[in-house]
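Heads up, the next two complexes both have subunit A, just with different partners, subunit B and then subunit C.
For the complex of A and B:
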């Protein structure tokens, strides 16, 4: 196929360059893993669009000075000054700058709910009041984005491509855990650079569905699980993750992946500069037994409260709901209306109290 | 922010780690496991910079397992510790050093129990007890005073409880639960999680 040829050609180019440069953290080991990946159609068999400037030390390329730090928050059109910076010593950030957004996601009995605001800011002004921070990756996986908008959009697209290739090659969808691991490993070479992606992947894993899809591989799953049992007896795999894998083989699943390298599984995450405000609302009400309406309402309120307090979050709220049937999207709602409604109802209760006195 | 502790007895090693995965001021996870099982009788406890910990620990974990697959027998704890230290040292002066602090605890059928302290500058020391993190400042003197080489498992657990109480009392951060594991000749045993209520 033409696409395969194109990919192979690029792999060959990468291989010839690999001799000179070290394409990743693991130096020689990474080079050999790329080469070995060429011969097997393994998951690492992909082409990372690594820019030439990353040949130099990523510390010189990526470290930003404190006076530049405000410009790097969610910038779509940030004016890039002299690149790379001519600084003999890398200047560390005073503290990790928050990503200018509020996104949240949680798991409940009805699936996974993801919510986000829609404001894209760039050093103090609103670059776009109607951006989309929740990007669907495939029919059963949705990702919230936080950090640099362009980076998030690009890496989400790369992830979609890799997941689709995996599905075509292996006949089943990759689990949310696998997708998170894939994204985490793809972002790892860029650690220490200015790349900023903090995403939560919200998906529904369908174990039985994958069995149906892979017709000729029905017995493989039993073989795999029996392999796991024998392997765990001879203690190759740690037992706890094995148990977790069995338990979460199907159903809703939520992972937080960050470009600094963290990958966490959980039931509730909120990311961004507005996240502390959202956490305080969510921690009071989120539990497993919520109905879809209750979950939507609490997610909406959490984003609303965060947009009220946080300067970098605002405008509208997007809510996506992932179930076994796929994801659905609630119509975008302008939170300005909610603010006026609440102000009005507070005014009315205040007047009612005054009348009673 | 994170805390690791290990206590070696005459025929066992007791290790504990806190359960918090934090991102600046927010606790993202309350039940995060910082221990990585390298083999039947070796545990690697790893704290430090966010992505480095998991990447480095999994790298060591897979390589130790690969050694077993290739050679048919497992690495001893001392060999695994030296292998880990060598990797840390190799990356220390590269463009991409790993900022991780480690405790490696294991039981060797020939040499008995061993606890190895490693830090991000790739120093390695075999120690009877060790701790990492800000909490170490508060708890090492308890260990200095109460530790004796022939202590029983119960005594080791008591020292661990005293350390956790001290953290709860004086440490500015709220570390409310700890994973505890014990390694002896029969392998790795999960002990009951140590939890403390609010101050």
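For the complex of A and C:
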């Protein structure tokens, strides 16, 4: 891109993109999609919406352009990609939005497991039988989405962008707790509108590198560039009082963020119309000491039972597993086969019982 | 379409019976009908739409195709509210030109799809009432179809139907192109001629059963040689 060459930005972003970003994010570099943000003077700006009743934004991180408030009201069809402009009078919509889902996530000794169905429904019609409800945000953070699919997809993208900027500015990845807080604060101006996002952020935090950097012992770049928790532990032992606090800050972490303002930490969450059915399976099986195989099978069973009973969940199941090495994805499985297998085994036990009588 | 929204509390259809006191407001939206369809193949993509523009019980025009050529490798099909379709295509054309001037290259199909998603979402609270489907070739020359909802959620598909007859066409495409719910059938990849014939048959069926679809069918076939257009007449009643 011509202007990027002038500004010498392209190669810096590409190098770190290759190291950090995981594959399969909409099939393109995140940096290039916000082209105006890259070569305008406001490289580090964070576009914020301004409702008519607000004079200044409640969001304070990053640098806010002072003329944004007057700009956004007059130029509703501005060519710059900005966050949505909230109109004063809500207009009744002639079409339904996509809703209805089953997503779940839980923490165990092997990391965090996230699972979701793949049906995207629009008041009675299945708009998409193969949608992606678990979106990777960066190499060690994955988010499940529930609510309106457009809202979830776009806000996840905005969150990825902000986390990347944080990483570039501060030299370390933001923790899951921080990312959840960021998302919650970004959604707060839209409280009361019809925005509907209910996401769980599942991540693996790695704080050991950054603490030592703050103490001036190692550079920050190591924490940024490596996925490994392979930093030497010698300094831990000398800092006994804060060692326990540090240990609780790193490792698997799970947060639930909702567009009505909730932000909760937990070890097990299920969100969506099929969540009651999923909870019943998860509550009886999930514990800290599960193996990866056991955890996968419980998550799969929970989604299967939810799709069985909930009309708005169905089709396939996606499972993501987040560990200290990053996230891995299990191949998508069509639950139709499972239904037939179960029917067959029930028929066989029924016949066996009949024979015994 | 028959859904619970069309019925009032007494069980009667809202459009034909009195279902209780209702407030009338000016609605900035209108529904102009039309169906759009896109299919992606190994090295081609097809975007097809009918050409009827209707509103309520009237037909405004029999020659209003809903396929818009964006670049040499990308075609956009949009149906829904015609006013928003026109404005949206104008905005997309302007953004394409801006990109071309500042980056000295044409936008790829994937980039157009991502841009359209942000354009649609920028109007999250007063949306464009348009169902979009982009069909084109990706950077590797393979066919790509991107389908959108009115507020910008999108994903890449192999085939997608949108618009008034989408609920009728999508299951047919699932069966014929996706081979869903068919046992013991060999999954043959779709050739261009077979795909064009399928699209024609599918629209003829749609025109039979959907009142907003008919008049003529415009097919745009995108290959690396360029974009070829065909016009086929449909039922005019």
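Note that the second predicted complex is superposed on the first by the 222 of 357 C-alpha atoms of A that agree within 3 Å, B and C clash if a C-alpha of one lies under 4 Å from a C-alpha of the other, contacts with A are read in each partner's own complex, and residues count from 1 in each chain.
Everything that follows uses one rule, which is that a contact is a pair of C-beta atoms (placed from the backbone, for glycine too) under 8 Å apart; a residue touches a chain by one contact, two chains touch by 3 or more.
All of these numbers come straight from a predicted model, not from anything done at the bench.
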Is A:258 touching anything from subunit B or subunit C once the two structures are fitted on A? First, second, both or neither.
first
Which of subunit B and subunit C A:151 touches, first, second, both or neither:
second
After superposition on the shared chain, which partner residues are touched by A:192: those of subunit B (first), subunit C (second), both, or neither?
first
If you stack the two complexes on chain A, which partner ends up touching A:357: first (subunit B), second (subunit C), both, or neither?
neither
For A:123, select first, second, both or neither according to whether it touches subunit B, subunit C, the two together, or no partner.
second
Determine, under the contact definition given at the top, whether A:269 touches first (subunit B), second (subunit C), both, or neither.
first
Comparing subunit B against subunit C, which has contacts with more of the residues in subunit A?
C
After the superposition on A, what does A:132 contact: first (subunit B), second (subunit C), both or neither?
second
Please identify the positions on subunit A that touch both subunit B and subunit C, taking each partner from its own complex.
26-27, 95-96, 98
Complex interface listing, subunit A residues touching subunit C:
1-3, 26-28, 32-33, 35, 39, 77, 79, 81-87, 90-98, 122-125, 127-128, 131-132, 148-154, 193-195
In their shared complex, at which residues does subunit A touch subunit B?
25-27, 57-59, 95-96, 98, 184, 188, 191-192, 235-236, 238-240, 256, 258, 260-264, 266, 269, 275-276, 279
Considering only the defined contacts, which subunit C positions touch subunit A in the complex?
3-5, 25, 27-29, 31, 91, 94-95, 98-99, 102-104, 110-111, 114-115, 117-118, 120-127, 129, 147, 149-156, 167
Residue set of subunit B touching subunit A in the complex reads 21, 23-26, 28-29, 32-33, 36-37, 39-40, 49-52, 54-55, 59, 65, 68, 91, 94-96, 187
